[in-house]
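Shared between the two complexes below is chain A, which pairs with chain B and chain C, respectively.
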Partner chain A sequence: MKVFIDPPNSMVLFDLVERFGHEPLSSMAVIQEKIDNIEVDMPPMNVTLDDVVRGLKYAGVEVPSGIRGRMSLWGPMIEAADAAIIIDNAPFSFGCVGCDRSNELTKYLIHRRGIPALTVKYPTDEAEAKIMVGQIKDFLGGLKQ
Partner chain B sequence: MSTIRIAQLSCGTEYSGVQFEIESAARAVGAKIVYPDVSYSQVKEALDRFGFKPKSTQLQLMIARAMSLADRKFEADAVFITTCFRCAEAALVRNELRRFIQENTRLPVVTYSFTERLKAAQLLTRMEALVTIVTRKELLARERQSGITAGIDSGSSTTKAVIMENNKIIGKDWTPSGAVVVETAEQVLANAMKEAGVEMKDIEAMGTTGYGRFTVGKHFNCKLIQEELTVNSKGAVWLANRQRGEATIIDIGGMDNKAITVRDGIPDNFTMGGICAGASGRFLQMTANRLKIDIQDLGAMAVKGNWANAKMNSYCSVFGIQDLVTSLGEGKKFEDVAAAACHSVAEQVYEQQLQEIDVRHPIIEVGGTSLISGLVKAVGEVLGEEPIVPPHSQYIGAVGGALLSSGFL
Partner chain C sequence: MSEQRETRILMISPDSKLTPDQLVRAVHAMVPEISIKETCYGCLVEGTRETVKKVVEQVRQIYRNEVFSKRRGYPQGDPRRCRAQHGTRPGFTQLEAEWECLPLIQYALNEIDAGNGAYEVPAEKKPIPVKEMKDICEAYR
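Our next item is the complex of A and B:
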């Protein structure tokens, strides 16, 4: 199943989803696609004006362009996801999109879709980390293929 | 008739000094602003249910109030959702709450982002439309015109008149609006009556809308004097023969634009104006003047051009014309420049206005600018769907006025 991860660029979550037999929907994949396969030159991530305009599907023109640009990447993945895993209060070293408004909207869009979603707190020690991984493993294991 | 209760869901109105203006606008149309009561504990519960957890606590309160309306814990007739202009978090919450209210209630809703310069007059048409939708449900449900009635649309750019008899248009006329709205209205009405072969004594009822509606309505003793959002919607669905089901009506006017979603011909959400002249019919008129062609010929010329060949990305009529002059100076083809002007208007309407509503299908494009084929093509390209342009699409207001006024017979 397609599992959206939040933060969308978390390598740890990406690895866990893949390891437990599902397809992670992450920013790495979508940005790699834009860099490798699309003939535009808008470094570093090839996010173009057209992308930002497409982001209007998720947030109105009054919402700053950075949020709309981000949502043009995450939004279609949330729409395609069968499930989602959200890490609450993660430090930015764990994965971060750099914008709290984008985070709020991302979480809301997941909620609105009504797909199975697991929200877990970021662990502060090893014991909590093991619990978190256990929760994610159980959640992913419970998803029907 | 009891006072119409408009539930206000807002953030920042008190500290922006505009709350008084909002309440004045509501009072002016016989309505009252009310605030759904919620307890502190309900706020947390509402946030968990809604799924959007803004950092601003007044936005949290907005969500709890919306939940209270959806759960029928608080009675209201309509909803006004408003937040500060340029607050990103508020803009996100405002739009999602608008969608939530529409999905969970049958209440008409309007959204608005304000600055500290908001005056009651800017809200009057919106508030009036909310009140009309609530108080005139039966009249708005009318699908057939009966008897002999007239409709006058006293618009900012043009004035239109239509005579209808037994659900058919039998006379019509339009002309650019003059300085004295009554004189222009008399002129188009006389021409429409001449075409219809009727006299004033034959007209059983008259309805009027548009900017000059109060003056025109008083002069002709109209039975119906109503804002253009509801009247134009009725005219549009009647002309397009889409009276049942859902639709989106786009009316790019001479001075402001309207985007209205309707269900069975009755609006339940709309946005209006509030954007630059560069996104209105006025900009196309300026473009036609610069190209020294008639506005009627601009559309056909634009259809033959490619907008991508001429740079036109200023969101302002003044700088837009500068872009146009630059393109012409570079020797671009007139067709490409005309297409770029149409594309620019369509793009701006999409980016700045259609984000405040959820576009429903089909899309019906109306108003005088719908006769500019290049603009219709551009709207279709931007929206990814060809709009329906009904016959006599410039007469929506007048047709709506004639149709609805027959409800008073």
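Our next item is the complex of A and C:
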């Protein structure tokens, strides 16, 4: 099954989803498509006119263009996903390369679609790591084809 | 999605005794027609989707919970990303932060493999209801 991961470029989630037998939907795949096919230098920071129009489906015209650019990439993945795993406390996804509003909107779209979603936290010790990986394993094991 | 090329990041957990050099030599011996670049955290592997899939499967068999992988959008040594050509690495903060927590993930996966995967989710802390709060305030007035 296709599992959307948030943060969309998370290596831990990508690896765990693949390890437990599902297909992760990540930002790297859509970025590769842009780089290979239309030679955009730095997606999602460089976007095409089509991306901006596509982003309007997920965010209004008054919303900053950065959010629309990101949503034009994340949005179709959320629509294609059968389930989602979200890591809640990812401070490095907020800042010059991250966008908290996009993160909020991503979580909102996931919950609005009503697909099975698991929210976990980055571990700070071994006990928390066991909880996080255990929850992800059980969640992915429970997804039916 | 592009089927022609797939680039993978293979990252070694800091708790592992494996070195990037050893990993690169092992991956080179796994399948033909693959391009590998040694990096400080492990290596980059590039080839067709099937070839890279075979590599990842074999790496997971040999270095089960020590090596983690994810796809990479840009090809190896791309001038827009390669540090040697002053490329920017906006995604590196994410990689660096996750690299630090890989030993914890490795520990958890090892525990699950050893059959000690039982865990207890701590009860979620909820704010106290207004009525209850009011009763407490009234009681200690």
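The rule is short, and it goes like this: the second predicted complex is superposed on the first by the 131 of 145 C-alpha atoms of A that agree within 3 Å, B and C clash if a C-alpha of one lies under 4 Å from a C-alpha of the other, contacts with A are read in each partner's own complex, and residues count from 1 in each chain.
The rule is simple: a contact is a pair of C-beta atoms (placed from the backbone, for glycine too) under 8 Å apart; a residue touches a chain by one contact, two chains touch by 3 or more.
As the structure is a computational prediction, the values presented were derived from the model and not from experiment.
> Could you tell me whether chain B and chain C fit or clash when both sit on chain A in the superposition?
Aligned on chain A, chain B and chain C fit with no clash.
> Quick one: classify A:Val63 as touching chain B (first), chain C (second), both or neither.
first
> Per the contact definition in the header, classify A:Val133: touching chain B only (first), chain C only (second), both, or neither.
Only chain C is touched by A:Val133; chain B is not.
> Is chain A touched at more residues by chain B or by chain C?
Of chain B and chain C, C contacts more residues of chain A.
> According to the stated criteria, A:Ile31 is in contact with first (chain B), second (chain C), both, or neither; which is it?
Touch partner of A:Ile31: chain C, not chain B.
> Could you look at A:Arg101 and tell me whether it touches chain B, chain C, both or neither (first, second, both, neither)?
first
> Using C-alpha centres only, what angle sits at chain A with arms pointing to chain B and chain C? Round to the nearest 10 degrees.
One gets 170 degrees for this angle.
> According to the stated criteria, A:Ile115 is in contact with first (chain B), second (chain C), both, or neither; which is it?
It touches nothing on chain B or chain C.
> Output check: A:Leu143 vs chain B and chain C. Expected answer is one of first, second, both, neither. What do you get?
A:Leu143: touches no partner chain.
> If you've got the overlay open, could you tell me the nearest Cα approach between chain B and chain C in whole angstrom?
The answer for the closest chain B-chain C C-alpha pair is 7 Å.
> Which chain A residues are contacted by chain C in one complex and by chain B in the other?
none
> Under the stated contact criterion, what part of chain C meets chain A in this complex?
It is residues 1-2, 4-5, 7, 9, 11, 56, 60, 68-75, 80, 88, 90-91, 93-95, 97-98, 101-102, 104-105, 107-109, 111-112, 117-122 of chain C that touch chain A.
> For chain A, which residues count as touching chain C in their complex?
For this pair, the touching residues of chain A are 7, 9-12, 14-16, 18-19, 26-37, 41-43, 45, 90, 92-93, 95-97, 122-123, 125-126, 128-135, 137.
> Can you tell me which positions in chain B touch chain A when the two form their complex?
Listed in rising order, the residues of chain B that touch chain A are 50-55, 85-86, 88-89, 91-92, 95-96, 113, 350-352, 355-356.
> Which part of chain A faces chain B closely enough to touch in the complex?
For chain A paired with chain B, touching residues are 53, 56, 59-64, 67, 100-101, 104-105, 107-108, 110-112.
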